[in-house]
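There are structures below to look over.
First chain A sits with chain B, and in the next complex the same chain sits with chain C.
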Partner chain A sequence: MLKLTKSDFNLMLLVAALTLLAPFILNPFPTDSAMAQFNAGYPDLMQRFVIFGILAVGFNILFGLTGYLSFGHAAFLGVGSYAAVWMFKLLSMNVLPAIVLSVAISGLFALVIGYISLRRSGIYFSILTLAFAQMMFALAYSVLTPITGGETGLQLALDDPRIFGASQTPGGNIPVPSLFGLEMRESFDLVLGAWVFTFNFGYYFCALVLLASFYLAIRIFRSPFGLMLRAVKSNQQRMNYTGLNTRPYTLAAFVISGMYAGLAGGLMASMDPLAGAERMQWTASGEIVLMTILGGVGTLIGPVLGAGFIKYFENIFSKINDNVLHEWFAFLPDGIENFMVFIIHPFIGKGWHLTLGLLFMLVVIYLPGGLVEGGQKLAAWFQKRGQKTETSKSKIEPAE
Partner chain B sequence: MDAIILQILNGLDKGSAYALIALGLTLIFGTLGVVNFAHGALFMIGAFCAVTLSRILTLSHTIVDPERTDFLGNPLKVEVPYIHDLLGATAGDKVIDWAVPLSVLFAIPIMIAVGVIMERGLIKYFYKRPHADQILVTFGLAIVLQEVIKYFYGANPIPTPAPEAFKGSLDFGAALGFDPNVIIYPYWRIVYFGFSVVIIGGVFAFLQFTTFGMVVRAGMADRETVGLLGINIDRRFTIMFGIAAAVAGLAGVMYTPINSPNYHMGMDFLVLSFVVVVVGGMGSLPGAVLAGFLLGILESFASMREIIAIIPGINQVIIYLVAILILLTRPRGLMGRQGVMED
Partner chain C sequence: MGILEVKNVSKRFGGLKALSDVNLSIKENSVHAIIGPNGAGKSTLLNCLVGKLIPNTGSVMFDGQSVLGRAPYEINQMGISRVFQTPEIFGDLTVLENMMIPCLAKRDGAFELNALAAALTQRDIMEKAEHMLEEMNMADKRHMHAAAMSRGDKRRLEIGMCLSQEPRLLLLDEPTAGMARADTNNTIDLLKQISEQRSITIAIIEHDMHVVFSLANRITVLAQGTPLVEDDPENIRGNPKVREAYLGETA
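And now, the complex of A and B:
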């Protein structure tokens, strides 16, 4: 179906179910319960899940298939955001032209940067992309302030021209991004007993975009083009010896993944119409790499899982504070309780990055295939155990 | 003319820091073949060694001074550093004042230990993994180290002044016969430059004139053969990692008076020093030093007002531009060996 094999179609269905039912899945705890802080089903966070999912899926097309590690991918995200906000300022608050422009502009940037960077491979490629991204970051912060808003970032204002739309709402406010009149922030609360589920239009818009880009990614993975990219990863030299010029393929992959990043940037600006240079910093690029690695490089669903995982724990871990910990360990004797809180304290709240760094190291060391590989290993282990018990049974049977 | 001299001088101290960090980076790459993204974190840890020592030296206890009274007429309580009890007030103050230079001695064993632990505990397992994995795991380590420092020392920069004797500036122009007060240069920066020259010279001398250094150089050229000759090259490389960490750490210690240390200073320097290494040539020690100073000076030239007026923003991007140009035209870098990491 949809020109997919059966397993791919099932994967697609799984992602569709995960994203479309996210308001339910992410809100497992009743609103008033003590566990409600682990709920992630509010629009802002869910939007971030899918937007970073798109970003990671795109990054995976480059890194997962060709093995080229770009350390400057956040630059395209930033460019996409700026392009979208400018579209809001100049044209209209409709998100479609904004997103189209952000994809186009970041694709253009990716074409130029990729054309230059892909002349080198390995660590040189990483450093070239890093250098380009840092350059763009530095320029956005300083000289390009008229375009980028510098340190304060690019924001909408009441006197923006907006050719196809009003500069201000009748109430004198800045209009909000919308899709043909449907506002992105519009949401609808479904109350079911003790649970409140929020359905947000912006989130569903992002989710549909994610599904579309995920579908595209599957098609790329399974196409002859994807096979070519994989061949580049496994042995580029041999490809060159057979007389094949691999650069157009890698460049295409780079541009595609840059456009994915631009799409994510455009969506980010559509959900919250501002853009700042800090989105382009190299630590942000590192975070994209992290999501992809954590989920599983080169797998289809890995990056989506990785993005969701990191964004969820970023949000939850930074919310937990000492009081919460004291509540959790209240069942222990006082001394042990304080000790436990003392031990865990550095890893929560503002220490979330410490946890992230540790997690990242552990994954790279022990689980280079990320969460997906972990899941597969676990499944294989269970299967083996099942088989063992079966074979031992079959051994016993003849004796009976 | 005077403007040119001023810019060269200004570039020297930043160039010294770049050169020292890049030297360590390329030492690690040349010996172990590992791309160490945590090297900036080592620089930062060195800087925080200085902070720690100055805090240890100013540890104090409260005593009641019977001779003085506070505004209520009660005997005044004063904080007295332990070092006063140990060495007397004048000598104690002197020691506190010289905390940063003293930290050099304090930092060397710590940095070597950190380097050796890092190599034995983590990097060792990554020799056979692809460069991308090395980059990723050391990047994760850098985040962890940075966050640990942030946890213990807070997020704000901690001012760590230079000794009183080095405050103020030298009127360099007057000494050379130009108008006074045109080329002035802080004493501490002269110290920093001198210090880096000594360290760089020391590392080169160590590699060039000692048996240990000879073996290490042989190992850099052909690790396998050296190993087959019955030499435990791994242990020597581990020690080199420790030395590289110490070089980065010392660069950080002495840099504290120039820029108050904060937890992300390592990351800020890391990207630039990588660029420096690439420009100099991966694995080439003289290349790293040369490129460090060259790029430092180039950067300070680019921040001249006249040049910014022509090309705005050039000071921010000049290093990256040079790196991109070098990588595209001469991928082995200024002084890299032919055939080493050229693709």
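And now, the complex of A and C:
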């Protein structure tokens, strides 16, 4: 179906179910319970899950297939955001032209940066991309302030032209991004007993874009082009001596993944119409690499999982503070309670990076294939156990 | 005129003269062996033929066209395929995928952006790849990871990949180096079969005299970067110059 093999189609269904039912899946705890702080089903965070999912899926087309580790991918995210905000300022608050321009402009940047960086491979390629990204960050942060808004970032204003829309709403406010009149921030709350589930239009818009991007990624993975990209990773020497020019292949992969990043940037600006230079900093690029490795390099669903995992940690773990810990350990005698809080304190709140770092180390050492490999091992283990009980049953049967 | 004409080729690496005034002509549909002691310049010569090195002087013509200054992939597209000393295959891919890649390269050229077609539904490519695997007696291994195979099987796959491109000239760089005796004999049989059944020219660089004398119908002996003799195998065996080059003057 959809020109996919059965297993790919099932994978597509799984991702569709995960994204479309996310408001339920991410809100497992009743709103008033103590565990409610682990709920992640609010629009802002859910949007971030899918947007970074798109970013990681695109990054994986480059890193997962060709093995070229770009350390400057956040630059394309930033370029996409700026392009989208400029469309909101000049054209209208409709998100479609904004996203189209984000993808086009970041694709153009990727073409130039890729053309130069791909003259080298391995660590030199990574350093070149990092250098470009940092240069672009510096440009956005100070040199190009008229275009990028510099330190404060690029924001909408009441006197923006918006030639196909209105500069201001009748109430004198800045209009909000919308899709042909449907506002991105529009939400609908579903109250079921103690639970409240929020359905946000912006989230579902992003989710559909993620599904389309994921579908495209599957098609690329399974195409002759995808096969060539995997061949680049495996053995460039053999490719050259098989009459294949590796350069255009790697450049095409670089541009495609840059466009994915631009798409993510455009969506980010569509959800919250401002763009700042910090989005392009090297730490942001590093985060994309972490997401992909954590989820599983070269697997289809891995990057999506990795993106969700890191964004969940960033937003949920960082919210836990000492008071919450004291509540948790209240059942312990005072001295031990304080001791436990003292031990756990560095790993929560602002220390969530420490937890993430430890988890990342564990994954890289014990599960080099990322979360996907973990899932596969778990599935294999269950299968083995299932077979064992079956054989033990069949052994018993003759005795009866 | 041979299919490959090497004229006055010299190659220096700094002060070292690796090749000096090499002249070589390889006739169409022959099996031409290039032998010589270590350091004779065999591999340098081969690298000059496939575009990995550019000679300082001289010319290399393949079928009337110069190969000098062209990238390896362009030379391959002209009809020269190369088998490496250690098999160069796509270790991370399956055997079938390995075979699909040269078939795609033959059909689509050096670059083709068909990102939306499903690879497994390209019927012509699949048929050709499967057919080639059967010819190489590897059909049962099609879903195996190429890196997990034995040295002999890797070599067989590599040769199969080269043949699927229907090259006019197949260059082999010590194809049996580091192989067990049985694998060596299998490789000899395979190459014999190839040269008999296909209209293909084979040039082979080899150390193992058993391999050379079982395959070649023309032999060039290279010593110290220059061709010593070129002759038929029978005459090479007894040639005192060749013995001298291999064993030293006192022999």
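Throughout what follows, the second predicted complex is superposed on the first by the 384 of 400 C-alpha atoms of A that agree within 3 Å, B and C clash if a C-alpha of one lies under 4 Å from a C-alpha of the other, contacts with A are read in each partner's own complex, and residues count from 1 in each chain.
Throughout what follows, contacts are C-beta pairs under 8 Å (C-beta built on N, C-alpha and C of every residue); 3 or more make two chains touch, one makes a residue touch a chain.
Note that the structure is predicted; figures quoted are calculated from it, not measured.
Colleague: Regarding the shared-chain residue A:Trp195, is it in contact with chain B (first), chain C (second), both, or neither?
Modeller: A:Trp195: touches no partner chain.
Colleague: Looking at A:Ile116 after the superposition, I want to know if it touches chain B, chain C, both of them or none. Which is it: first, second, both, neither?
Modeller: Only chain B; A:Ile116 stays clear of chain C.
Colleague: Does the superposition put A:Asn245 against chain B (first), chain C (second), both, or neither?
Modeller: second
Colleague: Contact-wise, after the overlay, does A:Phe88 reach chain B, chain C, both or neither (first, second, both, neither)?
Modeller: After superposition on chain A, A:Phe88 lies in contact with neither partner.
Colleague: Check the residue A:Tyr203 against both partner chains and state whether it touches chain B (first), chain C (second), both, or neither.
Modeller: In the superposition, A:Tyr203 contacts neither chain B nor chain C.
Colleague: Applying the touch criterion given at the start, work out whether A:Ala131 contacts chain B, chain C, both or neither, answering first, second, both or neither.
Modeller: A:Ala131 sits against chain B, while chain C stays out of touch.
Colleague: Residues of chain A touched: more by chain B or chain C?
Modeller: B
Colleague: Report the residues of chain B in contact with chain A in the complex, numbered from low to high.
Modeller: Residues of chain B touching chain A: 35, 122, 125, 131-133, 135-137, 139-144, 146-148, 151, 267, 271, 274-275, 278, 282, 312-313, 316-317, 320-321, 323-324, 327-328, 331, 341, 343.
Colleague: Hey, which residues of chain C end up touching chain A in the complex?
Modeller: Counting only chain C, the residues touching chain A are 50, 71-74, 76-77, 81-82, 84, 88-93, 97, 100-102, 104-106, 108-120, 122, 125, 161, 165.
Colleague: For chain A, which residues count as touching chain C in their complex?
Modeller: Answer in residue numbers: 3, 5, 219-220, 222-228, 230-231, 233-235, 237-245, 248-249, 252, 256.
Colleague: Across the complex, what residues on chain A touch chain B?
Modeller: Chain A residues touching chain B: 67, 69, 71, 116, 119-124, 126-128, 130-132, 134-135, 138-139, 141-144, 282-283, 286, 289, 293, 346, 351, 353-354, 356-358, 360-361, 364-365, 368.
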